[in-house]
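Residue numbering begins at 1 within each chain, and the chains themselves are lettered A, B, C, D, E and F in the order written.
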Amino acid sequence: MTHLIEYQDASPEIRAVYDDIMATRKTDYINNLWKALANHPPTLRKTWEHVKSIMGEPGLIDPLTRELIYIAVSVTNNCQYCIGTHSAAARDKGMTDAMFGELLAIVGLANETNRLANGYNVPLDDRYR
Amino acid sequence: MTHLIEYQDASPEIRAVYDDIMATRKTDYINNLWKALANHPPTLRKTWEHVKSIMGEPGLIDPLTRELIYIAVSVTNNCQYCIGTHSAAARDKGMTDAMFGELLAIVGLANETNRLANGYNVPLDDRYR
Amino acid sequence: MTHLIEYQDASPEIRAVYDDIMATRKTDYINNLWKALANHPPTLRKTWEHVKSIMGEPGLIDPLTRELIYIAVSVTNNCQYCIGTHSAAARDKGMTDAMFGELLAIVGLANETNRLANGYNVPLDDRYR
Amino acid sequence: MTHLIEYQDASPEIRAVYDDIMATRKTDYINNLWKALANHPPTLRKTWEHVKSIMGEPGLIDPLTRELIYIAVSVTNNCQYCIGTHSAAARDKGMTDAMFGELLAIVGLANETNRLANGYNVPLDDRYR
Amino acid sequence: MTHLIEYQDASPEIRAVYDDIMATRKTDYINNLWKALANHPPTLRKTWEHVKSIMGEPGLIDPLTRELIYIAVSVTNNCQYCIGTHSAAARDKGMTDAMFGELLAIVGLANETNRLANGYNVPLDDRYR
Amino acid sequence: MTHLIEYQDASPEIRAVYDDIMATRKTDYINNLWKALANHPPTLRKTWEHVKSIMGEPGLIDPLTRELIYIAVSVTNNCQYCIGTHSAAARDKGMTDAMFGELLAIVGLANETNRLANGYNVPLDDRYR
């Protein structure tokens, strides 16, 4: 198992990222992912900046929908850590049990029909090109 | 390439599904996927009923968000047919170029962080269990 | 596109593999995959020996079922070349259109339920451990 | 971990599905997957009907082969729950240790050759189009 | 097909990224990927900065090895665009046909053994924890 | 969980492979993967011969780089067993924590850009064909 680097054991470079995470998310908790990435500070910093930019900046897709999209990918890839943390984030933003059930139904269906389309090697209809 | 079965060449069993697709979607166009699945009528019927039920029934996730989730899975799996047809459906429901760009940014990010979490084998935080 | 190495242009090392493929499969045709792998003769030789051993040796799973399993994986991974060539091989061994339709229905379903199980992170029942 | 809904705690809507599962499968045991899906009754019902139809109806592919195909997909996707439950189902239908070993050898091989074909971007032979 | 935005048709925001790509890579050519991402300028900018940082900064893994790793992932995911462009980049950095053949052999093998390990659900040896 | 076959319980056929693994790797330890594959001796033997040939023979790609490529695939596929054992092998060959961090950053990035390229369906530039 990966060594998780706690705040009190972190270098100033790592602490600067931890501080920004806590300030941005208005929390005093650092998720284990960041504590694992801290084993390689440049990856910690670049990943956090990328996540902060894509998930946190204002945009046309609302915060809850962003989380649903994130979970859809994570379920498809079977990333249990990502499903767990982003389900919690989605619940904070309003996802209910019933919405999660609907989400999984859609994710399952898309994974099914993806294979039907690929299996039959269906050519894209001219009108959608 | 898969043989596509057109309406005029279809058996009554297939036509019944085609008719329901056109009535449900208020269109006179049948996507190539259905014309390919018609090579095995039971799969055509079961798949359509499943899609109609999950994508078409009233629910807590709105129709545009359902399409965004569907595209997220299809991009992750590289199903070009599915990306093409559901991008068209999403545009019909209001997706703009900028929303598509945001969607892909989130899908790309989730695929990246999924691997960082799996690569470090990060344990799920107790608070999210 | 990959350069395909034809028999007449092949080195003796490559020809030896081509000859074995044709003798084993009782054909005078070499699939494009082998002509592509011939760009790196050791990979050509090792891959052929591996395929010949696993797909060709007598075993408990019959030849048609082996092809169905092979197609199931290839559809899941979206390898169009593999779906195309192994569908042909399966048809040679008795697969009908209806069987292919059933196969894809099962492959699609498994891809769907895989995500439902992963999405809910269902613990394996004690009785199946 | 997902909350599993037991029969005694289930609503009539959920019990109706549980009853049908037990009657169809001639057992008094409900797998954890269904108890997890019961958190969203419509997904429970739709998924069960879909599974029942595709895996249970008479067809051209025999029940054991259906399970082997199912396992092939689940191994490719790394769905441990699905591998565990369907390996048990396959053993009930006659799969031996040796057959499972052969199955995995084929699944592994297909995953390997899928990448060789995609990596070299091999064009499909005209004769297989 | 995605609309590709050429330099002469690009906004100042897009041109700034194109200019940085050309200056960083010491070329006057812009790959199609960037011309596609330019349909959503924020994704163009963020993606380029991320790629530039991870692939371009000095590090412990040499530039050719970085490309081999990139190709390994792209072959596993079947991203033909990525295989094509990064194979060209790898060749610029010294990859020969024989090295590409060895690379694919390793990628294929890893995809095979990944499934054998997952299929048998092999527990990690204590000594590697 | 899979039954692991120890040396003292192994048949002569299995012992012959175990002996070759230990002699080739200059160790007296057999990884759990081999003890699991021993449940089907032909798969054990074929897999070992394949691994030995591709990972062990002299080639143009050095042993450490081979391991990095192997890990890149295993992280993409989320094979925790493979990540664990090959990370240990890579460390034996010189991989440091910082190199592992760089490796994961590249693997994550490639998984991200793969989806951007596939999502926009970017056509391969003529110059790379």
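In this text, a residue touches a chain if its C-beta (ideal position, glycine included) is under 8 Å from a C-beta of that chain, and two chains touch if they have at least 3 such contacts.
Keep in mind the model is a prediction, meaning the values are calculated, not measured.
With every chain reduced to the mean of its CA atoms, the largest distance from chain B is reached by F.
By number of C-beta pairs in contact, B-F leads over the other of B-F and A-E.
Chain centre most remote from that of chain E: D (centre = mean of CA atoms). Rounded to whole angstrom, the centroid-to-centroid distance between chain D and chain F, based on C-alpha atoms, equals 27 Å. Distance from the chain B centre to the chain D centre is 21 Å, each centre being the mean of its Cα atoms. A separation of 34 Å divides the Cα centre of chain D from that of chain E. Of all residues in chain B, those that touch two or more other chains are 1, 37, 39, 42-43, 46-47, 50, 54, 76-80, 84, 98, 102-105, 107-109, 111-114, 116, 118, 120-121, 129. Contact topology of the protein chains: fully connected, every pair of chains touching.
Here chain D touches chain B in the complex through residues 1, 42, 46, 50, 53-54, 57, 129, going by the rule given at the top.
Across the complex, chain F is touched by residues 78, 97-98, 100-102, 104-105, 108 of chain D.
Taken together, the chain C residues at the contact with chain E in this complex read 37, 39-40, 42-43, 46-47, 77-79. Considering their complex, residues 1-2, 29, 31-33, 36-37, 39, 43, 47, 50-51, 54-55, 59-61, 65-66, 68-70, 72-74, 76-77, 79-82, 84-85, 87-88, 96, 98-99, 102-103, 105-107, 109-114, 116-118, 120-125, 127-129 of chain E touch chain F. Of all residues in chain B, those touching chain F in their complex are 71, 75-76, 78, 80, 83-84, 103-105, 107-109, 111-116, 118-121.
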